[in-house]
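Below, chain A partners chain B and then partners chain C, in two separate complexes.
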Partner chain A sequence: MATFFGEILPVISRAVDDDDDDESFENLETYVKIKWKKEAQEEMELTKDKKLQVNAFVLAVGPAATGFTQTYVTHKNYEIIGAMFCGMKEDDVNTFGQMSPTDKTCYIYRKCDYPSALVCECNYDIRPEYAHSFVNQLMSCLNLCEGHVVIFGSTFTSEYKSDVPTSDMNPPFMRALKTASFLGTPMAPYLEQPNVATGLPAQMLTYCHIHKLNAVLYMCYTDSIHLDFATLKTFQPLIESTPVKYMREENKKASETLKKIVDLHTKHSTLYM
Partner chain B sequence: MYIPADKKKSKSFEGYTLIVPAVSVGNVGQLASDLLISTMWLERCGFIYHDSILPLVGNDPYAHPEADVCKLVTACEVYESKLHQLVIIQQRAPFVKGKMSSFRRWLTGWVKENKFEKLVILSSMHAHERLDIQLQGPQFRYISTPDLEAENKERFTHDVLKWIPLEGRPSLEDPEGSLYLPGGGIAKSLFEDCSKENIPAIVVLVFCAEGDNAQDAVKLAYNLNLWMDLIDFKPKYDLDGKTIIKPASTWRVPSSWRLLFGTAVDQTLFH
Partner chain C sequence: MSSRYDRAITVFSPDGHLFQVEYAQEAVKKGSTAVGVRGNNIVVLGVEKKAVAKLQEDRTVRKIALLDDHVALAFAGLTADARILINRARVECQSHKLTVEDPVTLEYITRYIAQLKQKYTQSNGRRPFGLSALIIGFDYDGTPHLYQTDPSGTYHEWKANAIGRSAKPVREFLEKSYTDEVAGNQEECIKLALKALLEVVQSGAKNVELAVMRDKEPLKMLELEEVEKYIAEIEKEKEEEAEKKKQKK
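Up next is the complex of A and B:
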């Protein structure tokens, strides 16, 4: 397009990309892999619908949400029963322990004394293209008809639209969305229009909504690039939320664990050395 | 995959008209869909859950601005009006790159399976791609399949509508001019698929540049309404012949159209 001054500029559209060729650049289905432990697999085989019976399910996406569940829920009395792999590249540095900030891991934990309580901790952001396959593969193994689902995620205040300027927002803060089947009131205000949630948390909530499952999404809006205490603390009241209150494990060393997690994500930052 | 909101109520849409917005320049098609759904107070009858559309959730876009309830909205939903024998799809997220054709295949299959009478595609086209003859006069155009064109020829050319068919773009291979719809998203390929599959289809579009495209959406919805007579700005009887449907006074703008230009800017910046 020629501008007022005659300069020819390419036109970029927020809505369409005409270069969008019709060829799929990769097979999205095979890009996401789910692996179950032998015991879990055998259990699935024994049930009628080949699915694990689950009453309480937590999906934590991103470092803030996984930091919270690691500290207050899965730190003891939980075992890993499965893992999901998505978007890992050959040159990724991975310790598989969720103990390095570069780790891209997604583990499924089960509470030892409450076997129908599962937690899925995904410490990195799954690309939205893969979210559909991710959720479908995960949910095809779980029977959640009677259960509660809670999804934790975090994003930046720059994504948040409001009449109030960003500087007056007092981040971090929490917003919630729920499916029609969830009859309670979430422990955070509802996300206001025109704000939307995207990515894996949105896909999970969509799945629960159209399959009429009880689900709530808690989205934390933060203004810090690196994980910090304030963001993790925003999640803390949610240990009283359904179904987390039935699944949590008392952690006497909670503040130490939190500190360790924050250090893990900030000590590599050389910005203010 | 189409999932009805209420399984008991699921039925076929035989004889219905289906309106589909293309994610096109300025999001005009989607905005026009929003206007139609909002002004007609349409009921959501189901969801489209397809791997070609990126995930998105939010609160009810048509809610009263003061409402404090959560009515979840998803990336692609289906709205129905029994009175007008009409189904409108609203798509709120873009396609996954390279997955458009799989959505098109699914959609044309769904249209045939449900025996929709016709398909209306709402779209828009880059204003800077206009031909010289398109620069002045009405900025609204249409392209329709021959059967639909024959059926509606008189209405389209009538003084009330005066619709202009989209001019073809002449090229070396095709001096007559072929269908050229830059920035129109799925509209062109969907229209071509429909022609091949013998589905009566029409693309209605406006020329626009990106920015605040609310007025373009009103233009598109207004022109469509002239033809389809969906929204009455005069009172009218419901299907039972007794209840009077209140006329709409004006287009009802959804609350999700707020804050188009993002969060308010801190005024102290300018002190």
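Up next is the complex of A and C:
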């Protein structure tokens, strides 16, 4: 309810019965499920600790990051070896068959000629309360001791706090965070205080930090509601980041692929012109 | 602190902000780029053309609208707000013509649009218009004008300006490249608008729309072939520049 002076006050009515939700909260641990392909599972059984040996791991979260990795990394020479499912019921059928670009999917890809390089592309939002379970289930199957991890994510400039107005910062722009074990310098400026990374990318970085893995998180701050070229282009210099530079695949049709991805996300929007 | 003051338009925040107006200016940045250039005897509007869905009618996705025979407008921001504003402006143009038997001056119609926008920043329960407009045209005495309005209701006259998504780099390009020489040559004005747009838009005649107005002539939307011709000329000039630089070295 808006008052005469413009403040918003909450309105409570005795006529409406605010039930407590009948459904009990989904058990956080079982909400997220990981599923590996048969071959990958067999490989894991053969190792001492039942984990996949991984030297290079890329986690891309959100449409911008996955658009980038799809264009420059996983478009060729990569096979799907696993998938993460979030929010499926016990009796839901989940397969590796959802290949439409508009499907909400989270697949794990492995480079065909470099089997210890993995890319996990999650093109939809994982709620923060499930991020812990997601990361734990995923990382408990991977042996990453000497490996490099890089995490790509994107968020809105409205989440970015600074004393400089965001329009003066020329969005979209990139910021980075790293774990203590990572001794190099990230390819983007560090995320300034008081800003915090949140959600799945932050959860993964925290896991890496605790387990003393080399990891860098690159967060793109964009002011565009829908995916656009500028945001995708901001990721481009990161092809040279470790370990992406060892995992990338040359894509001669990069601009076409990017255009398709952008079109997928923007065609239906006529709110702004 | 801002969350209590950014909901209703009539409330100033303690440090003097009208957050709703400032947020409306953010809405403008969600729209694609539009650029306007004023020459000595020509005015040019260029817009970034949005990709149209396959089943959508192209002509209903236009960023350039005619307000009267001698006035045109390009906007960036909320489409629905723009249509309302354009309608009101069109009615005002005719009303003015019938009342005082003269076509509106550019300053008059810009002032009208701006005052309308300002009214909505001072009204209880209404939100501001989420768009900026570039208004071009010729007064009856033959002087060309280019005006820009924004959601707060201010308006200013410009020699060249840009609004929308990548307005800042485009404006910087215009500041570097706009000269009196360019203003004196009609072809150069058209090419300047096109060059400015191509700084931020994916190259290709299909991604831009150009409209040109000359004194006592109706607004002319350039055909695809004409735009392609200008783009070819611009590329040739760029190559020649690059060659010259190489030779100097």
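Basically, the second predicted complex is superposed on the first by the 232 of 273 C-alpha atoms of A that agree within 3 Å, B and C clash if a C-alpha of one lies under 4 Å from a C-alpha of the other, contacts with A are read in each partner's own complex, and residues count from 1 in each chain.
The definition used in the following text is that contacts are C-beta pairs under 8 Å (C-beta built on N, C-alpha and C of every residue); 3 or more make two chains touch, one makes a residue touch a chain.
Bear in mind that the values here come from a model prediction, so they are computed numbers and not experimental data.
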item	value
Contacts of A:Pro194 with chain B and chain C, given as first, second, both or neither	first
First, second, both or neither for A:Ile225, with chain B first and chain C second	second
Partner chain in contact with A:Glu129 - chain B first, chain C second, else both or neither	first
Which of chain B and chain C A:Leu205 touches, first, second, both or neither	first
Residue contacts on chain A - larger count, chain B or chain C	B
First, second, both or neither for A:Ser167, with chain B first and chain C second	both
First (chain B), second (chain C), both or neither touched by A:Pro10	neither
Residues on chain A lying within both footprints (that of chain B and that of chain C)	2, 167
Chain A - residues contacting chain B, complex	1-2, 11, 13-18, 20-25, 28, 128-129, 131-133, 160-168, 176-180, 186, 190-203, 205-207, 209-210, 217
Residues on chain A engaged by chain C in the complex (per definition of touch)	2, 4-8, 167, 170, 223-225, 229-230, 259, 263, 266-268, 270-273
Residues of chain C that touch chain A when the two form their complex	4-5, 7-11, 26-27, 29-32, 50-51, 53, 61, 63, 75-80, 82, 124-125, 165-166, 168, 202
Parts of chain B lying in touch with chain A, wherever the complex brings them together	3, 23-27, 47, 49, 51, 54-61, 63, 65, 68-72, 74-75, 92-102, 126, 128, 182-185, 189, 210, 255-259, 262-268
